[in-house]
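Okay, handing you the structure first.
Chain naming follows the written order as A, B, C, D and E, and within any one chain the residues start at number 1.
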Amino acid sequence: SDSESTGGGDPAAGGSGKTTAVKVGVIPIVDVAPIYLGKEKGFYEKHGIGLTLTPAQGGAAIVPGVVSGDFQFGFSNVTSLLVAQSKKVPLKAVANGVASTGEEGADFGGITVKKDSPLRSAADLEGKKVAVNTLKNIGDTSVKASVEKAGGDPSRVEFVELPFDQMPAALDAGQVDAAWVVEPGLATIKAQGGRVIASNYVDVAPDLTVAMYFTSTAYAKQSPEVVKAFQDATRESLAYADSHPDEVRRVITTYTKIPEATLKNVTLPKWPAEPNRSSIDTLAELGRQDGLFTEVPDLDELLP
Amino acid sequence: MLDVRGLRKIYGGHGREVEALRDLTFTLDPGELVCLVGPSGCGKTTLLKCVAGLLAPTSGEVLLDGSPVTGPRPGMAVVFQEYSRSLFPWMRVRDNVELPLRQKKSLGRQRRHALVEDALEAVGLTASAGAYPWQLSGGMQQRVAIARALAYEPEVLLMDEPFAAVDAQTRAGLEDLVRKLWQERGMTILFVTHDIDEAVYLGQRVLTLSASPTVVQDELKITLPHERDQLESRADARFAELRTHVYAQIRAAGTRPAPTA
Amino acid sequence: MTPPPSATRPGAAALGLAGLLGLLLTVEVLPRSGVVSADYLPPTSRIVRALAVELNDRAFWRALGDTLTGWALGLAIAVVAGVVAGVLIGSVPFLRAATASTIEFLRPIPSVALIPLAVLLFGTGLGSTLLLVVYAAFWQVLVQVLYGIQDVDPVTRDTARSYNLGTWARVRHVLWPTALPYVMTGVRLAASVALILAITAELVIGSPGLGSRIAVAQTSQAVPEMYALIMIAGLLGLLINLAARTVERRALFWHQSVRGEAVL
Amino acid sequence: MTRIVRRLLYALALPALLASLWWLGSRGSQSIYAPPLSTILSVTDDVWTTDRLTRDVLPSLLRLTGGYTLAALAGIGLGVLIGTYRAVRALTEPVLEFFRAVPPPVLIPVIMLFAGIGDTMKVTVIAAGCVWPILLNTVEGVRAVDGVLAETARSYGITGVSRLRRLVLPAAAPQIFAGLRQALSIGIILMVISEMSAASNGLGFTVVQFQRSFAIPEMWSGILLLGTIGFLLSVVFQAVERRALAWYHGLRASKGSG
Amino acid sequence: MLDVRGLRKIYGGHGREVEALRDLTFTLDPGELVCLVGPSGCGKTTLLKCVAGLLAPTSGEVLLDGSPVTGPRPGMAVVFQEYSRSLFPWMRVRDNVELPLRQKKSLGRQRRHALVEDALEAVGLTASAGAYPWQLSGGMQQRVAIARALAYEPEVLLMDEPFAAVDAQTRAGLEDLVRKLWQERGMTILFVTHDIDEAVYLGQRVLTLSASPTVVQDELKITLPHERDQLESRADARFAELRTHVYAQIRAAGTRPAPTA
């Protein structure tokens, strides 16, 4: 769907006045709507950035893409960035990506169960099978936080890894007892009568910063002007998206295939312009408790 | 017993059409031993395969006991010209000979083994029973194929140049063996050979096929006494006569042009 | 010169079509009868509708072109490399003995595990896809060639030796024809593996192509669209096989497997 | 004795050479994704503990065994059927070719609909992937049964099960073994792929987990383990093949080769 | 020219050990035509393969022009007993015959084609030049193998029962062809046959091998006139004498027990 100028231009040539080609690796989900919108609105162009967005499945391709310089920027959830940082992967977060709505029961992700499930709260998940998209990542960490908060024993929850798109079917068939799912899977499950029993992001921290855009430390050092321009343009895009939900819903149809009926019911996340440092601290602490890091990530190094 | 009527076979494909058999008609009585001779490439193998029910004729028909042959019949054994390729390379000689017998449900294990041992003994391969076919010489392989057919105790036996790869001495022995078993068991035998002496020595009749387009060129009744002996029979004046006759027929047959490509 | 024996009979084509229709019918009936939910396995009719939409999209055709480019290039490289390496290794006993363990060690390494390395080396473009495609398809061809080479008939081999056929003549006129049936199977295996890897690589890396469209459909919970794209992959496989069978009928007309069927 | 030593030498020489090249080439590598071999080896002991081996590797191997066995049975069974009857081939080939071209990662959701998310699903995925080389090779092997042999069997009334056991399967065996050999490594690959979704243990799961959590040396050690497993299985396979195809290798080596 | 000294060959493997040749010593002069006879399975093919350099002897040696044979030599052609498997099924008859000639770099295209046509003509297969081997009858296949060897214009020609699958008439023609080419080209020929008449008719000498364990049992100089004729020579009294001698030798040779399994 995107075929304009391809990236790989000399990133060091990012002086003001002319456009620098920049390639960003993104995941084609609701979360990255602002950057698509911002591109469409010309925010990036205005800052001298010729943006190319490449959809990829996840970190397996985006992180090495950024490290190798094939992408200048990438999109990733915060926990993954923390893990990378702890493993000395030379990454640097540069701009906010997406944040939880902070509203219990009305977030863009949540722990869902089947219509007729006896499970009522996160505490009931003890001894149950819960699907998350990736183990040892933001999903199980935050679900555990929910369980803990609801008074349950998080260590007794059994997690299973399952791609988001397969969760509705698995939940329906009773293959898992609960599923942590984000949009548009959430809307799909709700449409089938599924219930949200907890909003795990909200349970971690109010206004949790979920994902961020990042670059490699080498690129950050090499082309601070481009990074700066990207940050400014992204900030602008985030703010615009946050205040124009209708345009967001429209732009989503340009890079996803979310069926219209589903899209209507999708809960949009928040797109604050700045990351919430304290929520990231909480995530880091949760990650440490769950043993995600062998070494504590240096947040000052990582964050902008 | 065996009735071949107006048999015609045309091979096609790969840019080449060959009329292997034009029009063959002849009959074999039950328990008869008939030899078939003819120039190389005239269609003897083709005929045998049609009789065996392995090849569908283009026209005409083969009747066995009055009913048309449409596929292989039980009680029929074939010794193929390509003896080495007709042995199962993954089986030892003994198993190769035994395999068809396993299909005869009525045979007990004991009897089966006895038949196998007898047949191998008869062709002089007892010592090689445990070898694989590809460990044998050409002549030995051919004898395995013969042993397999004989052990099967067929009612109808079709043999396609079965002694081509064995030495004169062994050949004589095998000829006598075939005649002996034929007399004992009352089999019907159609025997293809290139050796005119052999044809005359073995058969009750000798059919000569012409070169392509193939018809039955000649039919000769062998007037030698029923009891035959390698030295005596061949020394017989009538033997020389018959042999000369057949040779003349083959000469006459062979002069036709080869099939066109 | 050599017309393929009774090419594809009309009967065979009809049967094949019947088989496919049976599959489509099953997929239509399964969700309708409630065996599976139509939300997760939509009936054929809905998939076909989504397919029609895809076919009308210019971007789809561009994606198809991208996928086929990666597939064809990767397959070509894998086949050539596999055949050359196979003939070399297979005909030189020393090489065979010396490389066996390494080959067996490398073969089970999944291409997907190599994705980060591929992206690091070749970025997210065609290069990475090619690396993954070639890595996966190469082994398929190689192993088939190795088995094919050892199938040379000893009499044929002795004939070639006794007439002092040179190395090239022996490869060209003895080894190659003998191994060809195996190679054909190898190519057919490699062709679909290459397609699978081309799509998977796009799916994961996001380089443009059918795979990335499938990924988008997946993350969008657009089930019929996803099946429509899978159907495309299946149809491609079908076409590729049809082509392979045609080549086989021409190249192997002399072989028992092909000529045996003309007579039967 | 000397033969064993020589075989060992052959088996180890090239890997040793390649390993030393890798060692030297990666020495002091700063790249996060291509760590020095020394680093990889140094983590291996810690990663692949007995506990891990029983918790992750063993279940994986069991799934592999299950899937592979299933694939072998299905591949040979179907292959004989398809190779023997032209009508069956005409009927099924398009459908099979259709499925053959569908990438296992996208096939998994469909399989999950019917097989759930447990081990059944993983075994099915493995079987569904490694059946192809076995199937194709069996079909071709069966089609290529020597005409004279087939006629011999026919003329002696060797039909049905007996024909299958004593003619078709042995005749096709060399090619079937080529397929089985192919399937072995494909099975390992699919073991990894099947454990990429809906898993919570397994070798493939662990490798992917390492990859995602940027434990790159650990991931590489997992890949090395996969290769080693592949190699060890191939040694077992080779031994089985040498026994089963003794006649074939004897035949092919007979006459000449002096 | 060809010196076989103390040749011994033991086949092993697959639970079977066979001493195919025990101790063979004989010599062929340049341009000589020697026939080799012996009971089935006595090791004729084995000997031929050792001479051709296709098989390494267990002990003893084969010298060609004074130097030991370690592998196939240029200028040598072999007609294999398993004629059908020695033809390449993927090539037409013409290409099968031409293939070895392509290795002779000195031959021009024209000359090569002429050689092929001549050879096919000589064996009577001109019309089948465009066919594939598997479209031919057994005898025709064998003639292709012969044509291939003859077209190659070898200095040393090894033939292993080359006429086993052809009819009497064709066989006589081929015998004369071999003798004619031998005289014209001065080849050295080692000719294995089961047909004693053929051995006597063709050769300058006939070597008889014993049954296994194999040694040279007898060596007979054929005292027939150099110019031979199918009718006249065979009618010669000396012919009958020689033939009886050889037959007696084979009888004597054949009575030994077969190799043990």
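Heads up, the rule we're going with is that contacts are C-beta pairs under 8 Å (C-beta built on N, C-alpha and C of every residue); 3 or more make two chains touch, one makes a residue touch a chain.
None of the values given here were measured: they were computed from a predicted structure.
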Those chains which touch chain C and also touch chain A: D
Separation of chain D from chain B in steps, with touching chains one step apart: 1
Rounded Å distance, chain A centre to chain D centre (Cα mean): 38
CA centroid of chain C to CA centroid of chain D, Å: 17
Chain centre separation in whole Å, for chain E relative to chain D (CA means): 48
Between chain B and chain E, centroid-to-centroid distance (C-alpha), Å: 26
Chain B: positions in contact with at least two other chains: 14-15, 82, 85, 132, 135
Chain C, residues touching no fewer than two other chains: 40, 116-117, 120, 153, 155, 158, 161, 203, 218, 255, 259
Multi-partner residues of chain A (each touching 2 or more other chains): 60, 63-64, 67, 163, 165, 169
Contacting residues of chain A [partner chain D, same complex]: 59-60, 63-64, 67, 80, 83-84, 87-90, 134-137, 158-163, 165-166, 169-170, 173, 175-176, 292
Interfacial residue positions of chain B with respect to chain E in the complex: 11, 14-16, 18, 37-45, 81-82, 84-85, 124-132, 135-140, 143, 161, 164-171, 194-196, 247, 250-251, 254, 257-261
In the complex, chain C residues that touch chain E: 153, 155-156, 158-159, 161-166, 169, 173-174, 177, 254-255, 259
Chain C partner contacts - residues on chain D that touch it in the complex: 7, 10-15, 18, 31, 33-34, 86-87, 90-95, 97-107, 109-110, 113-114, 132-133, 136-137, 140, 143-147, 150, 174-175, 177-178, 181-182, 184-185, 188-189, 192-193, 196, 204, 207-208, 211, 216, 219, 222-223, 226-231, 234-235, 249, 251-257
Chain D-facing residues of chain E, complex: 13-14, 49-50, 53-57
